[in-house]
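Written below as structure tokens is the structure these notes are about.
Labels run A, B and C following the written order; every chain starts at residue 1.
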Amino acid sequence: MDNLDWAFPSSAVEVKDLTLHYGPYEALKRVSLKAKAKELTALIGPSGCGKSTFLRSLNRMNDLIVGCKIEGQVLIGGVDIYAKKMDVSLLRKRVGMVFQKPNPFPMSIYDNIAFAPRTFGIRKKEELDAIVIASLRKASIFEEVKDRLRESALALSGGQQQRLCIARALAASPQILLLDEPTSALDPISTAKIEDLLAVLKSTVTIIIVTHNLQQAGRIADTTAFFLLGEIVESGTTEDLFRRPKDKRTENYITGRFG
Amino acid sequence: MSDLKAFRRSRNFFASLKITSMVALGLSLVALVSIVLFVLIRGTGNITFQLLFGRYGTSPSIWPAFLGTLLLIAVAVGAAAPIGIASAIFLSEYAERDFWLIRCLRIATETLAGIPSIVYGLFGYLVFVVACGWGYSLLGGGLTLAIMILPLIVRSTEESLLAVPMALREGSYALGAGKVRTIFAVVLPSASEGILTSLILAMGRVVSESAVLIMTVGMVVNIVPVSPLSAGTSLALDIYYFASFGYPEEASATAVVLLVFVLSLNLLAFLLARLFERKKGLHGQS
Amino acid sequence: MTEQRRFDREIGSALEKLTKMSYLAEEAIDQTMEALKTRDKALAQKVIEGDREIDRLDKEIEDQSFRILLLDQPVAGDFLRISSALKMITDLERIGDYAVDIAEEIVAFPEEPYIKEIIHLPLMGQYVIAMVHKAVRDFVNEDVASARTLDKDDDKVDALFLSIKIELIALIKQKQENADQAIIFMMIAKYLERIGDHAVNIGEWVDYSLTGTHSMS
């Protein structure tokens, strides 16, 4: 971990013929996708069709799964993240992830946010304070928690915890943020708050989000890709995909006439 | 009509089951309370300052036993805890579930837990008293106890670690933390309550042991131990001594002390658990 | 799955009413042209009263479509069809109103023989009925190619309108008294020409419902 200022040349993501096996099972079949920098790309599709697996390939979280084999290329700003010299820690600093169920650490709100900066060597109180406050602001939760930063993160509501997890990921200064169905467990108001902050965030951070909620993709995604059985059937601007899908399978899925 | 009869019959069955289990609970409570009351009634009257803190001269004192017990706890937990916790970390965080070596290790740990304590005592005697040439010593007793409580610590620590949800580890990895930082900054703190509780219960086990100690520490009731290599005694051993050699009042009194000691340990475990619930927010971390 | 069938039934019902509304509009034009030819004031009156039914269907389809948009948030083909339906009923309703306008002229027509035998007006009427019929049929049959020919059909209607106008001007210049009837015929021709334009609009929405692009001529 020599150079903590290291960053990808750009936050554009290009995936070429990505194939992934869990043991004998082929979860992703030659998937190719381009996610433009500083835009929001949504991945839609039925459950179990590879969307989350694909997402986890973008920050090498699949490395944690025993028996997982990957072929193909994942390039971020032209850099192959599966190359031998890629520092996985730095990769995950620059490519953050928020999970479906909020998973705050059983620590104070402050310590949750400060976790990533501390991991990367930032110790001084003033620096940490600044990062914590900025991250909480970007996640639209600062006002709600500013008076209880030393209290446990577990005391927050579900929607607040999820925004906390977003703030925690932002504290690492990511160039790309991956979100796996971030609002599926939340009520409409929390969902709206998070969608609003993502809409603002995408001007500085490339966002890729897996969602089951087609209206959500409609609301905030610039580009949408439709996954089916481990492949991308179709992708394009959200408006084009929703108004005139080119593939019948896409139309069947988004109009709810599936299976 | 038969449906109604069947319903009535099953309802009566479950009602009687409820009564039966309540009675059983009552019996258990009565048994427990009787023992405690019996000890308290017989022993409390015999507690004197001399017995507790005096020098063992013509009248007995459990002060040597007190020190001995503390030393035993220090040695046993001090030796077993790091090894046990480290082993648990290995089993929970690093080991691949089905690797043959891991399964052997697990079988070994479980087997250790099943060995009768007198056998441990014999082992301790042969190794520490004889082979090491220490003679009877609190150190030897402590180390033997350490081996005895090791499986207990490994098992509960591993359970506490496994109880930490995978989601927390994933969260840590996704923030760029490596495995070591994840274990020490996230997993261990989350499991710390369970681990500490199990350590305290292990202490209780140490305090209750007698068979092992008879064969390793020498039951020297009247001399205050000066070093770990001294021979010594423990509270439990003193009860045996007093009861066998004609000091029944002192035996009862010591039993009260021991009981208070054990109850305090359990109370401590309970209070610590409460404290952790509240403290999780103030956990200053690095 | 019952949820989905309800949705399909909802859309199906809206589209059925649309077809019915267009049939009523065609019939109105047909009847009013018949009343013009046979000078049947009773028939013309029937057309005027029949417009109530067209207006009622307009409101029903509109309400139903809004509800579908609000509650079901349709996408792709479903969305295109419902939004097109919403736009088409506006044109159909105007067509109905123009048929009424013609009928009202017939009812108020002075009791004297026609200044000339009317040939071109009924012909225009035939053309525009055919256009309205084609537009809605193409919507139901999802026929984009056919819908795109409506523009050319309208050229024929516009040409007829021009020749009628020239004829009527000549008639007025011939005899001043002709002006009373000529003006009425001019207005009827104008109404028919507007019906043709609305039929073209419907065709454009048919195109939209199938391709997602709305081109306005």
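Please note the rule applied: a contact is a pair of C-beta atoms (placed from the backbone, for glycine too) under 8 Å apart; a residue touches a chain by one contact, two chains touch by 3 or more.
Keep in mind that this is a model prediction, so the values were computed, not measured.
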If we look at subunit A and subunit B, which chains touch each of them? none
Closest to the centroid of all CA atoms, by its own CA mean, is chain A
Indicate the whole-number Å distance between the mean C-alpha point of subunit A and the mean C-alpha point of subunit B. 46
Averaged-CA centre spacing for the pair subunit C and subunit B, given as whole angstrom: 92
Centroid distance [mean C-alpha coordinates] between subunit C and subunit A, Å: 53
What part of subunit C is in contact with subunit A in the complex they form? 4, 7, 73-80, 211-212
Subunit B-facing residues of subunit A, complex: 59, 61, 64, 66, 89-93, 96-97, 99, 101, 103-108, 111, 114-116, 118-120, 150-155, 165, 168-169, 172
Taking the complex as given, what residues does subunit A use to touch subunit C? 214-215, 218, 242-245, 251, 254-257
Can you list the residues on subunit B that touch subunit A in the complex? 96, 165, 167-168, 170-178, 181, 185-186, 189-190, 280-286
